[in-house]
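The next part holds the structures, each set out as structure tokens.
In the two assemblies presented below, subunit A is common to both, partnered first by subunit B and then by subunit C.
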Partner chain A sequence: MQKVVGDPRKAFITGNEAVAWAALAAKAEIMFGYPITPQNEVMHYWTRLAPKYNRKFLQTEDELSAGFTTCGAIQAGKKAFTATAGPGNVLMQEPFGMAEAMRLPLLAVIQQRGGPSSGTVVYSQQEVTLTTFGGNGEGHRIVYSTSSHQEIFDYVIKGFNTAWKYRFPVFVLGDGYQAKMREPLEMYDPEDRGIEMVKPYALVGLDGRIGETREPQHLCNIYSLEEELYEVVLKIAGDYDAMTPEVVEYEEKECEDADIIVVSHGVVSRAADDAVKILRSQGIKAGYFRPITLRPFPQKQLREALAKSGAGKILIAESSYGQLERLTKQELYGETVPIKSLLMPGVGIVDSDIVNKVKSIM
Partner chain B sequence: MGEYASGKSEMAVNRAIELKNKGHSVTLVDLDTVEPFYTLRPLKKKLEEKGLNLIAFSREESFGLGETGAMLNPRARWALMHEGDIILDIGYGVNGARTLNLVEGAQESKELKVIAVVNYTRPMTNSREKIKEYIASLGRVDAVIANTHLADETTVDLIKQGNSEIIKAAEELGIPVDYIAVEERLKGLINEENFKVPVKFIKRYMPDAIW
Partner chain C sequence: MVAPAMPKSWYVPSKPHKFCPGCGHGITLKALGEAIDELDIQNKVVFGCDIGCSLLAWNFFACDSTQTHHGRTTPVMVGIKRARPELICVGYMGDGGGYSIGSQHLLNSAVRNEKITVILINNTNYGMTGGQMAPTTLPGQITETTPYGRDVEVTGYPTKGPEFIAEITPENAYVARATVSKYKQLKRFIKNALRNQEQGNGFSFVEVLSTCPTNWRTSAEQTWHFLEDKMEKYFPIGELKNPLGKGEK
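Moving on to the complex of A and B:
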């Protein structure tokens, strides 16, 4: 495949465009999709660019179909992806469940919007629960929550590799603000950064005779025996737990001596980062912790940050009514540190919101 | 008009305020048919306070409409019937001048000028060939504004290099370049005589448009 970016240089683009360019650079072969705000420009730019780079696109009749066609293409050995949001993410949970069951290296970009609703398109961080644990299964998936356009670009590329290496579905989580806002980033072809892209491989139609020259693939999505399902889920859970230390990612700042640790993810962590700097300049020892992987959660790392700092409080800041809070609390089971929250569904959080909240609880 | 995120709205707002400050009566029209509730909405009040007549949905008007798909503000359709100077901010860009089909009188108007805003840091317009290909795809283009920037990361070298490629592309297409737009804060660093076309220093209003 031809190079996409060439000489690395800064570009001024939206988050959605960053997805399309990153997927091209990551050598994705086909996108399946159905239009939904705020991810539309992922499709718009992919369809503008795909013919120039000999890639493919199929607009399906709905999100269920987009998810399942993605699953199908992947089984045929194509590096395929999709992007959606809100109710589209709800519909795609069925194909995402198939990807979990069949261990398909599916990549989906989710640009979160508000809820509860089928039609609310505005910014929010209310698809955390859905994206991490949305299916009728155990949430055996990898969810990267990005905070900048550079990260969207980096994690789409990385996400394809994680998916094809470990064969768990991978989600790159953004939101309506990230999708639409413009900021500079540096685009690059992965090979120029020494990143080797995992080559896609077919899961069906393989050569050889089953039982003679090769093992069966066992691409199964339906189990009719309870004991069989039990064994399969435990095997998947075992693989997931073994993979966790290799894929878990987080960002931590100023936690060594922190009296309070601010936990946030995605675009809100930009406000948290600024808030911690402001608080420090005012003599308040605040720390910053951001899970980059919401699934698997950096549980060990957050517990370590608490232990080394001896922080007396945690503040969770998010643009939802407790989705990150719930995720964090279950991961911190057994810790006795008080957890306070700044929950602002639907609206953006700025540094002063966090600064004021911290001061009110210290 | 121009590529998504090229700086169309910023150019439109700056031009509107410039004309207003000269004593003109100015109507600024948000003609974004893809995201009619986003672009100028957050700035509406602020711009109206400056004395501009703004045709854009306000927060109150869009409240409760949710995802209504492509929607044209009825007042935008008749915008050219206003007296004074009229600036149409044609959002999104992919349809180019064809969006003007929605505006009554646009095809007949002798005063209408269609201007393409080009930012060299946009991946679809980051070489002379791509700029020419892009401008040619827009349909009618009467002039170009060279608006190369990287927001807070704009450098003097980038302004020089990017805009000279835009100017060359426009020359090769036989389309005049109205001016180079440069953010005010870089004023002391730019030698205007180095460019073949006028340099206009602009203020950034769009960073306030977080929706």
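Moving on to the complex of A and C:
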């Protein structure tokens, strides 16, 4: 397959454009999509670039179809992906459930917009619960929450590999700000950096003559007996738990002696990072903890940060009304440290918001 | 015991199949199996089935097969075909999956002239869920959700799938309606729908009028009477579009 990015190069582009370039560099072969703001430009760039690199695209009739065509292409052995947001993410929970059940390495980029319902087309962090635990299943998926364009590029590439290696659906969770802003990043060819891209393989349409050199493949996601499903789900859960230590990612700063740890994710963690620096300069011992994987959650690492710092408080800052807070609380079950929160659903959070909040609760 | 003759493309370990006695699925799947054999395409067919009774065919064929949610077989087949155009993708679904919950997929795949084959069973009700009204339920027909008969003032008239698909597809699409009461013709139509895909022409669609004595609560004689004297009168049999030839009325 033709190289997309030759020598590493600096670019000043939107996050949506970074998604398209990263998917090309990761050797994605086909995208299925349906228009919804703020992810549209992922398709716009993909449709301009894809034919030059012999890749494919289909604009489907809705997000259900975009998700299910993606599942089909993956079953046929192609590295396929989609991108969506908001109500589109709601519709795609149905095909995401199929991917979870049938262990299809689907990659979806979610550019969060305001909710509930049509909400806004601008920005939020309100698709955390939906993306981590949506569908009528157990949330056996991997969710990377990015905070910069460089990370969008890096984690789209990494996401394809995680998906095809472990065969769980992977989500790169961005937001409208990351989607639409321009920001500098370095684009590169993953293999030039020693990142080996996992090769896709087919589940149907295999080579060979049925009954002579091979058996037919019968894929199914419905079971007649309770016990059959129970075994299937336990197997998925077992694989997921075994994988967790290998994929969990987090970022931690200044937690050694922190009196308060600010927990945030995605683009808000940039404000948190600045806020912690400001607070430190003013003599307040603040620490920074950011789950990069919201699923699986870096539970052990956050507990360790709490233990070593002896922090007396946690502040959770997020652009939703408590979705990260609920996730964090369930992961910290048994800890007694008081958890405070700065909840700003659907609006941006800047460093001074966090600085002021920390000062008000210290 | 001597096993009855079965198409080569049938998956023998899953036989006898799981459809109710008197159900038309078995007849349709036999026609499909023989058509696959005669065209010698067993190794490149991907068979996809929906939710509903069609689901019981998930391991019916010795062909690579997959199964998905209610109504979503069409986009899964589209995804496979777009990814691997050399495969022959056959979506198998009921009237609920195709004309109701998945109607947007069927309609738009037809408009895009997707090079897949869809075989849709019309038995005028939702069989698997216990006999509710389907888009194809006849006026006045009693079902679990129309216990006093389908009132067209309230729920509209039966969907005529091949007619609307014929309207929205280009000339190289194949569109037909068959019935399990005319086996040779049924097989011919299914074979044409597969050949049309194999030749890369366009969307290929066969609606099959079928029987559901379990939910119709009919005897063998009443079942056949309903199929031949009610359904086939309401839903005309024939090829609406056949790029391979003149078309059979």
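Assume the second predicted complex is superposed on the first by the 348 of 362 C-alpha atoms of A that agree within 3 Å, B and C clash if a C-alpha of one lies under 4 Å from a C-alpha of the other, contacts with A are read in each partner's own complex, and residues count from 1 in each chain.
We take it that a residue touches a chain if its C-beta (ideal position, glycine included) is under 8 Å from a C-beta of that chain, and two chains touch if they have at least 3 such contacts.
Treat the numbers as computed from the prediction; the structure is a model and nothing was measured.
The superposition on subunit A brings subunit B alongside subunit C with room for both.
In the superposition on chain A, contact of A:E17 is made with subunit B only, not with subunit C. In the overlay built on the shared chain, the residue A:E151 is in contact with neither subunit B nor subunit C. In the superposed pair of complexes, A:E100 makes contact with neither subunit B nor subunit C.
Seen from the CA centre of subunit A, the centres of subunit B and subunit C span an angle of about 100°, rounded to a multiple of 10.
When both complexes are overlaid on chain A, the residue A:P184 reaches subunit B alone and has no touch with subunit C.
Between subunit B and subunit C, more residues of subunit A are touched by C. Contacts of A:D273 after superposition on the shared chain: neither subunit B nor subunit C is touched. Contacts of A:E318 after superposition: neither subunit B nor subunit C is touched. Of the two partner chains placed by superposition, only subunit B is touched by A:G348; subunit C is not. The gap separating subunit B from subunit C in the superposed three-chain model is 22 Å, by closest C-alpha atoms. In the superposition on chain A, none of the residues of subunit A is touched both by subunit B in one structure and by subunit C in the other. By the touch rule above, subunit C contacts subunit A in their complex via residues 11, 42-44, 46, 48, 51, 55, 58-59, 61-69, 72, 75-84, 87, 104-105, 107-108. Within the complex formed with subunit A, the subunit B residues making contact are 4-5, 34-35, 38, 66-67, 94, 119, 121-124, 126, 149-151, 153, 210-211. Of all residues in subunit A, those touching subunit C in their complex are 29-30, 32, 56, 58, 60-62, 64-65, 68-78, 80, 94-95, 97-98, 202-206, 208-211, 216-222. Of all the residues in subunit A, the ones that touch subunit B in their complex are 9-14, 17, 21, 37, 40-41, 44, 48, 117, 119-123, 177, 180-184, 187, 348.
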